[in-house]
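Going by the order they are written in, the chains are A, B, C, D, E and F; count residues from 1 in each one.
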Amino acid sequence: MRPSARAPAELRPIRITRQFTKHAEGSVLVEFGDTRVLCTASVEERVPPFLKGKGRGWVTAEYGMLPRATHTRMQREASRGRQDGRTMEIQRLIGRALRAVMDLEALGERTITLDCDVIQADGGTRTAAITGSFVALADAMRYLVGKKSVKKSPLHGQVASVSVGIYRGVPVLDLDYAEDSEAETDMNVVMNDAGAFIEIQGTAEGHAFRMEELQAMLALARSGIEDLLRKQRDALGLVG
Amino acid sequence: MRPSARAPAELRPIRITRQFTKHAEGSVLVEFGDTRVLCTASVEERVPPFLKGKGRGWVTAEYGMLPRATHTRMQREASRGRQDGRTMEIQRLIGRALRAVMDLEALGERTITLDCDVIQADGGTRTAAITGSFVALADAMRYLVGKKSVKKSPLHGQVASVSVGIYRGVPVLDLDYAEDSEAETDMNVVMNDAGAFIEIQGTAEGHAFRMEELQAMLALARSGIEDLLRKQRDALGLVG
Amino acid sequence: MRPSARAPAELRPIRITRQFTKHAEGSVLVEFGDTRVLCTASVEERVPPFLKGKGRGWVTAEYGMLPRATHTRMQREASRGRQDGRTMEIQRLIGRALRAVMDLEALGERTITLDCDVIQADGGTRTAAITGSFVALADAMRYLVGKKSVKKSPLHGQVASVSVGIYRGVPVLDLDYAEDSEAETDMNVVMNDAGAFIEIQGTAEGHAFRMEELQAMLALARSGIEDLLRKQRDALGLVG
Amino acid sequence: MRPSARAPAELRPIRITRQFTKHAEGSVLVEFGDTRVLCTASVEERVPPFLKGKGRGWVTAEYGMLPRATHTRMQREASRGRQDGRTMEIQRLIGRALRAVMDLEALGERTITLDCDVIQADGGTRTAAITGSFVALADAMRYLVGKKSVKKSPLHGQVASVSVGIYRGVPVLDLDYAEDSEAETDMNVVMNDAGAFIEIQGTAEGHAFRMEELQAMLALARSGIEDLLRKQRDALGLVG
Amino acid sequence: MRPSARAPAELRPIRITRQFTKHAEGSVLVEFGDTRVLCTASVEERVPPFLKGKGRGWVTAEYGMLPRATHTRMQREASRGRQDGRTMEIQRLIGRALRAVMDLEALGERTITLDCDVIQADGGTRTAAITGSFVALADAMRYLVGKKSVKKSPLHGQVASVSVGIYRGVPVLDLDYAEDSEAETDMNVVMNDAGAFIEIQGTAEGHAFRMEELQAMLALARSGIEDLLRKQRDALGLVG
Amino acid sequence: MRPSARAPAELRPIRITRQFTKHAEGSVLVEFGDTRVLCTASVEERVPPFLKGKGRGWVTAEYGMLPRATHTRMQREASRGRQDGRTMEIQRLIGRALRAVMDLEALGERTITLDCDVIQADGGTRTAAITGSFVALADAMRYLVGKKSVKKSPLHGQVASVSVGIYRGVPVLDLDYAEDSEAETDMNVVMNDAGAFIEIQGTAEGHAFRMEELQAMLALARSGIEDLLRKQRDALGLVG
């Protein structure tokens, strides 16, 4: 029995709110249950030094948690003077996930920065961030199409992410904090809308996981991500 | 004529939403027009080193802006590795303002940290932060009273803040970004519910301001703050 | 009765020594009683990135305290690896104050940096720094006029600063450390030679201050600053 | 055809040299072909703050590259003043992998730090680091058994790691730099001697990978890791 | 011919002013010609962690340059966020030199910090800093004797320092900036009042120096230091 | 009697292994007894900003210790976020020593960086680093000659270094850790193959050293360095 009384293959209630703030070219509040992440996509007409003059753009991400997004207050990274290893790991993951569905040549010499700020944390913040960032990125691409900076959206696919794990011996989908803090294994899966993998990160927290457990988790992830991809399309008003 | 078509002595629409997030002992979303600041109050059973063993508590504040709270994206302070001078100035101001209405002895050896994170910026983020933080602090004190950690709330007054300035030669109340970026003088005023000053910070951006301009701004501030104090009481369900 | 036996409206002995060191274009030791601050003005033929190519110059300030300028030794900011909030607040204030009397277009693409280093602290270091920096800046402008880099001094006015406060219930001028550490209210005022305000920063340390206390402090500040402006002119050999 | 002319399922020549340096309790030079990593295990009779007084020990890892371990010189992290995201990601991975085979209660209040310093890089430095660190850790445990600090080794299993990937469409084992820089997919797998997974980290660099490619890579990884576990036992003089 | 028209074995005019500032237990302005360094000695009733509970004291030094002590403005180390290699080298040297004449057991569990801040630089700042710091340290020891914290001064000797070099082929004493920036060899020598060496740091800037040049420089240093030791005694009112 | 049973004027066994790693243009493992330092020379076709467009090159050095090169583990400088004073002092020394035998004009607009990483420390790491770096630098110059980037090697001499000290009252050559930690005086000497001094750094750890002790140490250093220069030539296959 899951703490939330969900079935093993059941996602939390998912909400995707576009235009949550007014300045960013894409601004999405994504909610996976009580996990709330604000994802903004900012367009800048410049590229990082290693891309200068190559005719290609870049997509990158930054991740942060408000200090009291969590049960107990965490020290603010800005006041501590550096981002910790977990933050860096997550923002690198988000960036890679989104670049996997973007045609950087078609983007032109621009940088899109996805800022993923966790307003409230209840497990799965990185998977929510990826799922919400895709929608923010799609909106930013519509903005560029709208002002004719690009002919058509340089996005060539959709990307979404969900966590799976082994909770009390049972493979479950989309772990919340109560499950996550107790799970034996935790895996984050990123897939595209062709059903292929962009990233798999699985960690045994308690005992190591066997091949059949891995297969069960992958199956759960695939079905959960299909659902998330559908919700992204709904949010963007796409048929399908 | 103000860009927002407001009268000179008119505040923007003010909204104060309590319990905006679930983990913090006080959590308030405060809105001054399009300026939105999330203020959380966190209670910790410890004091900073300089207060250890003195039987007194502490109230402090931290301030941050989400990178895309603004028209153009600002670099994330956590990734730059330090908070800039403006951030430090503001968080010191918020902390002083709230300590001015708190009986730190009655609080006992506890620290209350107000985290003020700007979700969307449109001028006046520091005055909104002070005004909203008071409500979050009041909620945190109710929480302490509720669990009998203190007998009654250690707050001995209310505090609120508003900006005033000279815009195109006219003294105006509660400047938004369009006015602020063009104002000749900008002053932030913090007052308590006894009508006394806790802080005045006035800066001539363009020409220096004369004594009579100062007096006009102070009068505007006083009336605006009275209004804000009333809205705080309404939000907290207090008569008065 | 003030600890120094001064009358409420009496400044400490003020001394302004020009050419205190030999390398800087302006170098002034300013003394407000036992408070001694070395203010140097350095001319550099470059502007910060945000001003490049705009035909305008910049005036900025940095502030520091020697570790044993104070009663007990403070940690050196250079060894701690960062400037604290108070330092940043002060150097931003000094910079704003001086820019208020400078025609940055007439200065041309140059940066003037005022370094204000406190040799000995006894209260009022920031107001001494502003008052002394103006003289150092005037000397640096004379240097530029002398080498014909500018036709005439781009300074269009004078600026000076003093602190006022409520000490044991009485409004007093130019607080020394003994008063400052005990004052109920502390206000720093910056004015120009037209009698207009450039900056007001008042903070209630103990109880909040009432409107009539504010008015009394402003009157004291105005008369003190008039005196300081006269001493600046004397030091610079100006008639008037 | 692989650049090294290896068969798809063939490891590079593996060498494990114990007691490579004299001060550390465990000191192993591990070589996966031209990749050379020095892994030292240091025993310290203290635990990090979060474990104080809990009767449990800790195993942690740090990772570094000598600046010219690579084709072109990289800036030294110590002189740049911070470790980058990749370094943090890798050292967190190594630490988790080794803790997965360690009984931290049996270790007692001690910290074992694995320092993994890359002397020469040619792909797969993190997998070599994990594989070599296990041997260094085993030596450090023998040291503790030898001085009777623990009754028997707190290790309850073996751990090793290898990379797999899709190179020019073919699943291959243990990628060297020439392959890695061109691979479409790169996956690092960490397993124990029971054949279960401790960590899987797979990233699509080029196109996303399909389920059957994932299965082929997992099979390669399993067989490569079995081989590495055998080499660890040989190096440690264990039967089997 | 030296730029200053001094004879090769001639020191610059040396001035040692005690009680230059009022808060420090020892406060000395030392001048070697135009080089001016403020040396303060601060007594603190604590020792660094590595000495806790050992019944011994510590003497340490910090060194800084005011940004415009030099011909062109140098960036403030506090704003840059770190001390550079030269600063660290110098403050380590000053600390070692003073510890060489101090009985740390007799000092008891106290730390004396020498802050050496260069007000104006014209070559030889580190040798002036050592020479002046000794006098500040002696004053701080008198302060401790005066309040009966120690029975007698824990100083068991005097220490002074001077630079020597090869300027245009000629060995010279006490180089000023004009010589220093052009010298082929530059050597800083620290000696005690028994005529023995505490530190020698010689660097060939241009061509390497031969044994006979070294001997000539050592002889110059010895005679210069004898002179400086005498001036220290004069300043301290010692017969000698 | 020395702990190692060496005669006072006897070096430890010296080994110089070229091409220790494969990527660097020069890569030398130098061993002074149990002290082992990896010195790599990296050629980069750029110069630091202060040399841009001047037609001259630069030689610089960086120094690091692996965390467990020493008896007890030292914190990694990269994780602590800064290099300490000792590291900076040493890398500045190595850079100066090598520049003393290099014709920077003949090198052209290139930077050679010597990375000296201590694999195992047993005293004298900086002298080993200088001695080994010279060989790595010579190899890098051969590489430049080989690809015709320079006509002939810009090296105009050899440089080597050794430590000398007073151990239990006796002047000794090439101190190991057991001697170094107990020596009364420790001096590092850098000389060229013309028998002239490039650098002398002598520090009295216990009592100050007298002139005759200095002379004895200098004589030992000279003979030791002659030996080291010969071993460098042997390693480089030079006659002589």
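Everything below uses one rule, namely that contacts are C-beta pairs under 8 Å (C-beta built on N, C-alpha and C of every residue); 3 or more make two chains touch, one makes a residue touch a chain.
This structure is a prediction, so every number in the text was calculated from the model and none was measured.
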{"item": "Intersection of the contact lists for chain B and chain C", "value": "none"}
{"item": "Chains touching both chain B and chain E", "value": "C"}
{"item": "Angle of rotation relating chain B to chain F [CA atoms, steps of 5 degrees]", "value": "180"}
{"item": "Approximate Å spacing (C-alpha centroids) for the pair chain A, chain D", "value": "28"}
{"item": "Averaged-CA centre spacing for the pair chain D and chain B, given as whole angstrom", "value": "51"}
{"item": "Junction residues of chain B - those touching two or more other chains", "value": "81-82"}
{"item": "Sequence of touching chains round the ring, chain A onward through chain B", "value": "A, B, C, E, F, D"}
{"item": "Parts of chain D lying in touch with chain A, wherever the complex brings them together", "value": "82, 84-86, 88-89, 91-92, 96, 100, 187, 191-192, 194-204, 207-211, 214, 218"}
{"item": "Chain F-touching residues of chain D, taken from the complex the two chains share", "value": "21-24, 27, 34, 36, 38, 40, 42, 44, 62, 64, 66-73, 76-79, 81-83, 87, 113, 115, 117, 119-121"}
